[in-house]
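Letters are used for the chains, namely A, B, C, D and E, taken in the order the chains are written, and counting of residues starts over at 1 for each.
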Amino acid sequence: MVKRFMSWLSDPLGRIGLLIAFLAVFSGAAFGLYTTQTAPPQPIQFPHNLHVGLGVQCLYCHPGAYRQASAGLPTETKCWGCHQQLSKYADGTVALPAELQKLKAYVDANKPIQWVPVAQVPDFVHFNHRPHIAAGLNCENCHGDMSKVTVAENPQVMNMGWCLECHRARTVDNPEKRNKLLDCGTCHY
Amino acid sequence: MTTELKIPEFSANFAESGQQGKWGMAIDMDICTGCQACVAACAMENNVPFVGEADSGYGRSMHWIRTERFWEGEFPEIKMTPYQPMLCQQCGHAPCEPVCPAFATVHSQSEALNLQVYNRCVGTRYCANNCPYQVRSFNWRDFERPEPLPNQLNPDVTVRRRGVMEKCTFCIQRIHRAEDQAKSEGREIADGEFTTACAQACPADAIVFGRIDDPESAVSKLARGSRGFHMLEELGTLPSVTYLKAG
Amino acid sequence: MTDNFSRRDFLKLASVGAATTAILTGCGPASRYVTREPYTKMPEYTYNGQSTYYATTCRECAAGCGLVVRTMQGRAIKVEGNKNHPVNLGKTCVRGQATLHGLYNPDRVQDPAKQSKRGSRDFSNMDWDAAIAVVADALKNTDPTGVTFLMGMAPDHLFDLVSDLAKAIGAPAPIRFGALGMFEARATLGKAVESLFGQAAMPFFDMGKSDLVFSFGANFLETWLSPVAFTRGFANMRRGGGHGRGTLVHFEPRMSQTASKADMWIPITPGTEGLVALAIGRIAAEARGGSLPAAFADVDVEAIAKSSGVSAEKLDELGKLFASADAALAIPGGAALAHSNGLETAEAVLALNALVGGLGRAGGVFLAPLAPMQTEFSRPANMAEMADFVEKMKSGEIKTLFIHGVNPVFELPKSLGFEDALKSVQTVISFATFPDETAMQADYVFPDHHGLESWGYQRVAAGSSQSALSGAQPVVSPYYNTRATADVFLAAAASVGGATAQALPFKDEVEFIQSKIVALVSESDGYFGAPEINTFTAYFQQYGGWWKTVDELATPGGDVLGKAIQVGEARFAGEGEFYFHPFVSPVLGEAGANKPWLQEIPDPTTTAMWSSWVEIHPETAHELGVDNDDVVLITSEAGAVEAVVYKYPAIRPDTIAMPFGQGHTAYGRYAEGRGSNPADLFGEQVNGAGDLAFADMRVKVEKTGKKYPLSRLESRMGVYGEALGEEH
Amino acid sequence: MTTNVSLMAIFPDLEPAADAIEQLRGLGVADDQMNVISGVPVTEAMLGRPRQWTNVPRLALGGAIAGFFVGAFLAFGTPSAYPIQVGRQAFIPGPPSVVILFEMTMLGLLLSTFLGVFLDSYFPSYRPMHYVPEISDGKIGVFFSCPQEDSEKITKAMTALGAEKVEAAEAQPL
Amino acid sequence: MTSTEKHHDHAHDHVAHLREQHLMLDPLPRGQMNDMVMESMHTTSWKFWVVFGILSVIVAVFLFGAWGYMIANGLGVAGVNRPSYWGIFLVNTVFWIGISHAGTFISAILRVFKAEFRRPFTRAAELMTTFGLVQAGFSIFMHMGRVWLSYWLMPIPNQRGLWPNFHSPLSWDLLAITTYLLSSTMYLFLPLIPDLAMARDRTPDGTWQKTFYRVLALGFRGTEGEWAHLRNAMNIFAFAIIPVMFSVHTIVSWDFAAATRPGWNSTIFGPYFVVGALHSGMGAVAMVLAVVQSRMKHMKYFIRGEHFEALGMLMLLVSMAWAYFFFNDYMVQWYGGDKWTQQLLHFHEGGPLGWMWFAMLVFNVVIPWATLWNKKWRSNPWLLFGVGLLINIGMWFERYIIIPISLTINRMPFTWRMYTPGVEVYLGIGTVAFFILLYMGASRLIPLIPVWEVQEGQMAHSLKTYGRETVVTVSELE
């Protein structure tokens, strides 16, 4: 058997096959890693840059961030509340762009928009926005500069080392706080 | 009969030991009626799976809290020993912690609790072997929860999968929620402001939960009483749960 | 479920890659199972990721505890007690906790359906318009006297609506029935109160303030009347409400959960509870001095000691103990009353309270207040009435039967022949939420919402010293294509038209409920008040009901001790050598068997899970040649069941006991085919109050040679010393 | 300028080989121009050869020290990287640290001993080398280099001492 | 015949007898020995391949198949439960680590003490060490609930900054077993190099075996330098691997002894486990040698009665040591009087598996003592095989008693429950099959006899006559 395998290996085709198999597994893993780090397709290609550029505050649409764990995603009531008032669309001077037509379709059908959360931590990590906002962090510290991106994407790998780096750096002079912020039970339960 | 094997009772004065943690629980065995409301409440709050008939009969049930009882004497003079709810004692000196090779069960320095970090657990089950109270339960399988039962799962608590050890957390998610709430309002947590799921459900109020390091809290007062004792105190595990002797 | 494209699904796509990643990074697939349920129009008080709490009423039994249910993004997550509710003060029992496993039970009836042939389980779904047409047709085209509504035990808004409907179409008044009422012997209790105190009412036992409780068969810590309220009372008694630690003495042939908490458990001969009460009364009266009351005058203590198996010394001790207590309380209930002499037993026990001045005294007996909007005491049907009803069904008098909230095929004694009698009913319409045995025998199943999805109110009959109306509201939107039965009846009534429609001129059940509770808006001593009905309704929902702030306990009157109480001997049916002692499973209750977590909750006394068992004293088992896990055949006069032996050290050797709650032949995957149903053994004998004398049974026990490993939480080695090494 | 040739004399036994080495020395072949190849570990003393220098013990010692430091890093360094309290034990527990230090020291020692053999012996080397397969049958090969003009003389002397064959050593693939 | 002649004859017989008995006095030309060893590797009957095939199927189905099934379905398919969280997996782990001890013991300790009888079978014993450790590794990984995360137990730098917990005996275990596996593999490999070179020289060109040996022989020629480095390294190894060996099983015993459990928390567990390991390991070596001697060609020359005799004596000695430690442990636990320990001892002896406790004593003490005292008996390979088998069963029982049976009894009588093995039985059989399979495979590829060591020994031995007595003398070659 070993002989067969060895002779098979000495065959260039066999070697290529082995290489392909290896590459397949490797690229599969790489692709898997990549998919966890890329923005998933959203039902509506929401242009963050446009809205931030117009001066809309993050907390206007994600109001949960300063009072609870989840920042929350806006309901279509909130979207449409502004967009239906835009006079250029209302009086028909400008045709409704494709993405806004999707929004209108949702509103007309009274169906919720199934936004896909982007910056998500695994189930076993319990992240709370409120203390982070309370500690004076800005949204872009973690979510990047939204005025530069359209559809939200993750600017960084949100892994434990990344969390800890900040938790450590901000508690060098406060051992009690450090205890709290490095405690396993603060995030994992 | 195995009356000799009854769990020993040692009286202890918690305040004197000077080893109290932060959170504590007092369980009054005199008024515990064994009704199992705590068991159900715990299971519902903490996403504890049910395991089915065969596995539960084989010692694989996942109860984070169980009610123990033994018998004393023979009919007609037979007595049932007081119901004793057994849950993780949140030991100050926990035998389970140092034996985990992966740091999956560790001591919280800020909450003074035993933590089980599910995602860090590789399933050696050493901690469960070393737990003198036998209150750890292991996910022997991915226990089935047919749809739509998962709708009930508490999003504040990780859903454990096969191969992971789990145990009572003193409802740490509630502790965090209350702490966060109190902090956002710039105050301390008041005694009795929140409680664990088992204490919350207990119809007899036999379970009292609170700050054990606050001498004025309800749980401290109960724990200091003359009826208080700790389970297997001779092992020096410094449990955070004080039992109150019946009668 | 929504078909949203979540991150989890996205991960699934890159299957090989993601699996490799998962292994490398140690992250399993994200298991945050709760689907994000984005709102189209978010309610102003709701935030994504933040819980909302709704007050409602527990429907797991008829006690009417107030619940607060934690919900998140449209899903009910946790049941908590309503701290303001007078029945449970924020506490819940095991069954209440598990109510979510009913709500999200995988075996719920999901659509209205027609069964091609009764019992065939061949259901074809219908739409609700057709279903309402069926109901309307039944209401319109049947002789009104042939229309009967069989309802659950809880006196709720649906019962009121159905009563109104029955009155409007001229049908007989709806029947309320529940197995718990049967096991509690509620009718007997009511009748005894009526005959002793001259007033029909539920008694209220002020256990929390008493220092000595004699319980004659009342399993008040388990299922009896209002277990959560009684547990609170028990705990307060133990904590010593001003008296020091209270003492509990429990009389029952088997050590029940309640008995296990007693300081003294008296394993009394079944059927002699009344006699023992009389003996204690006589001894206590003698100990207290003064003239011997007529009630206890003719009591022969010696004879009673002999027949009850409680020694004369013990009786003497108990009598003196009872006489010497500050606030003694005697409670009759449960199997003690389920004998042919049950009514007299109840009277004898209640009379004990009168003897020590316990009527209307703190720590004694009161008459429970009537619920708001209630004018007279009403109780569920007793067995005599149910037997009459079954007779009527058999005779073909009943053409259309509406069944809601009760499962008579399972709960009624098999010997009564309900299932057979159903065959003589032309149309059977069930409104069952779960596919229970009765629904399987119906022509149509029009599923009601689960209790947590529905509106309503419920009168509190026991457990509260205040007059209370518990309110219910949906905490989540209905998960399946179900519809509130009240709405179905309202819609059907509207389509029938005429007087029926006029009698029920409501758009939906909420309007009907408002029309009822509007009477309370003007009440002044309520927990809250409101100037008008809409605000009142909002508060009603917010607080989970309406109740008075003051106790309305009435002091029982009447010449209780003036006449002699004659307790006859219990007449046992059957030839067997064992007394049969059925009891309601404290965990499963009457309807918990389909909830998987309840199945896995160990029974408090036996720690058995997932099945039922028969408790046999170890010595008796030895004589019978059976051991733990052996299956025995129990034969009564009326039937036979097989059950697994549990060698229970705390039961009379001449008695065997069996829990009620298992033995379903339908009712979902978790209940079906599990354990056995002791109701199959029950005969038809009733006591003086018409309640089933289910404890008046003697049964035979035979070994079958089969084995069935009973799941137990306890260790048979550690608790019973089985298979351990010999002691050196 | 004389050119050196490499010769290999194969002897059936130990004694003739020892004699041959002495003879070679007499014939002007220096010790460092000889090598003995054998199938059993014949010692230098048996052949009257100078003692071989080996680095293995020193490498082993170095490895042990390195292992000790790795152990010290694991025992004392890693707990400080993320101090986690377990069972009321010190962050750096005493006795367990001894275990870690011991195991890592031994691992370092043994690994470096093993690698030391490789380093010292230039293992693995699959280049063609001077060798005859008969060596592993118990023959003793004496491999030496001498000036071309002496080769005839030496070959004769070897044959006289009992060499089965004396041939120009040619590197051959092993 | 004159008396001198008679005596001469007698002396002649005596010498012949000595030669027959001792391999070291019965030298053969090296080339012939090489031939015999090579032939033993290449002479394979169809029966071998049948057994090989069957074992391969068993390994594929019982070990890898059942393991995959268990990984997919969770440990629930095994019999472990509360309170017996550790079952046959850990029994097998300890058992295999125990087996692995004999190889090192025989090879290293006997090398240090220059026990010459070791020479022909050190390799066979060292192979057991390596293959036994492989099985121990399998067993311990099977036991883990999430084996795919087992790399978390290794000290690998990571973004979390979180390292393994070195407070845990399991962490020490992992380091110790890794050290032991690596060092025993290296210790197996170093003396193998010259034999691989021999095999390389005797394998015809163009075969895959040639490539195999060529690669593994690393270009070894046998120069003075190579031998010197090798000899040096072997000396260091022989000394250094002994404490590693002792530490490994001591640390394994700490997995139990460090726990706060009745019956486990014993200070004598370390040496008790080490001796227990030697006990089962010796038995296993005896079994392997008996099989190798009878089944492989020419092995009767290399492995003789003297080896079994010496092994038998060692087994007897170890059995006595084991009995001593067992009694010590038992005595102190019994005397201590802690009620949980008392209960545990009662359960061991009188519980449902009490027979196992008695069988352990019979197999480990009674039978070895009853048979091995007799020199003639213990020289019989098949008797030694039988005794070795019984000792291994007895030692497996010992571990079974210490792990799942002792786990049944804890300080919470409410949770006591018996352990009924499930799929781990198949996994255990799978490891045994895999061990045998590896061994069989190795016996076809690797010279089982270290020929150069045998030759070295034969060179060092001679017969010398002092007066009328001819005796064996050994000279120090190094």
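Just so it is clear, a residue touches a chain if its C-beta (ideal position, glycine included) is under 8 Å from a C-beta of that chain, and two chains touch if they have at least 3 such contacts.
Since this is a predicted model, take the numbers as computed values, not measurements.
Trainee: Identify the chains in contact with chain A as well as chain D, in label order.
Mentor: Where chain A and chain D share a partner, that partner set is B, E.
Trainee: Which one chain sits nearest the middle, judging by mean Cα positions?
Mentor: Given all protein C-alpha atoms shown, the central chain works out to be B.
Trainee: Average the CA atoms of each chain to get its centre, and name the chain whose centre is farthest from that of chain B.
Mentor: D
Trainee: Of all chains present, which has the mean Cα position farthest from that of chain E?
Mentor: C
Trainee: Which pair, A-B or B-D, has more C-beta contacts?
Mentor: Here the pair linked by more C-beta pairs in contact is A-B.
Trainee: Approximately how many whole Å separate the CA-defined centres of chain C and chain D?
Mentor: The answer is 88 Å.
Trainee: With centres defined as the mean C-alpha position, give me the chain A-chain C separation in Å.
Mentor: 50
Trainee: With centres defined as the mean C-alpha position, give me the chain A-chain E separation in Å.
Mentor: 55
Trainee: Could you grab the centroid distance between chain B and chain E? Build each centroid from C-alpha atoms only and quote it in angstrom.
Mentor: Computed value for the inter-centroid distance: 45 Å.
Trainee: Show the residues in chain A shared as contacts by 2 or more other chains, in ascending order.
Mentor: Residue numbers touching two or more other chains: 67, 122-123, 164, 184.
Trainee: Considering chain C alone, which of its residues make contact with at least two other chains?
Mentor: 26-27, 31-32, 49, 713-714, 718-719, 724
Trainee: Multi-chain contacts only, two chains or more: what residues does chain B have there?
Mentor: Within chain B, residues 2, 5, 58, 66, 68-70, 95, 98-100, 103, 106, 109, 119-120, 158-159 contact more than one other chain.
Trainee: Using the touch rule from the top, collect the residues of chain B that touch chain E in their complex.
Mentor: Its residues touching chain E are 2, 4-5, 7, 55, 58-60, 66, 68-70, 86, 95, 98-103, 120-126, 128-130, 132-134, 137-142, 162-165, 232, 235.
Trainee: Please give the residue numbers of chain C that touch chain B in the complex, ascending.
Mentor: Its residues touching chain B are 1, 26-28, 31-35, 49, 72, 75-81, 88, 90-98, 100-101, 103-106, 221-222, 227-228, 231-232, 234-235, 238-239, 245, 255, 257-258, 260-261, 263, 265, 267, 479, 586-587, 596-602, 604-605, 607, 609-611, 617, 619, 649-653, 674, 709-714, 718-721, 724.
Trainee: Flag every residue of chain D that touches chain E in the complex, lowest number first.
Mentor: 35-44, 46-47, 49, 52, 54-57, 60, 74-75, 78-79, 81-82, 84, 86-87, 89, 93, 96-97, 99-100, 102-104, 106-107, 109-111, 113-114, 116-118, 120-127, 129-131, 133-138, 174
Trainee: Considering only the defined contacts, which chain B positions touch chain D in the complex?
Mentor: 92-100, 103, 105-107, 109, 238
Trainee: Can you name the residues of chain A that touch chain B in the complex?
Mentor: Touch residues, chain A against chain B: 67, 122-126, 128, 130-131, 134, 176, 179-180, 183-186, 188-189.
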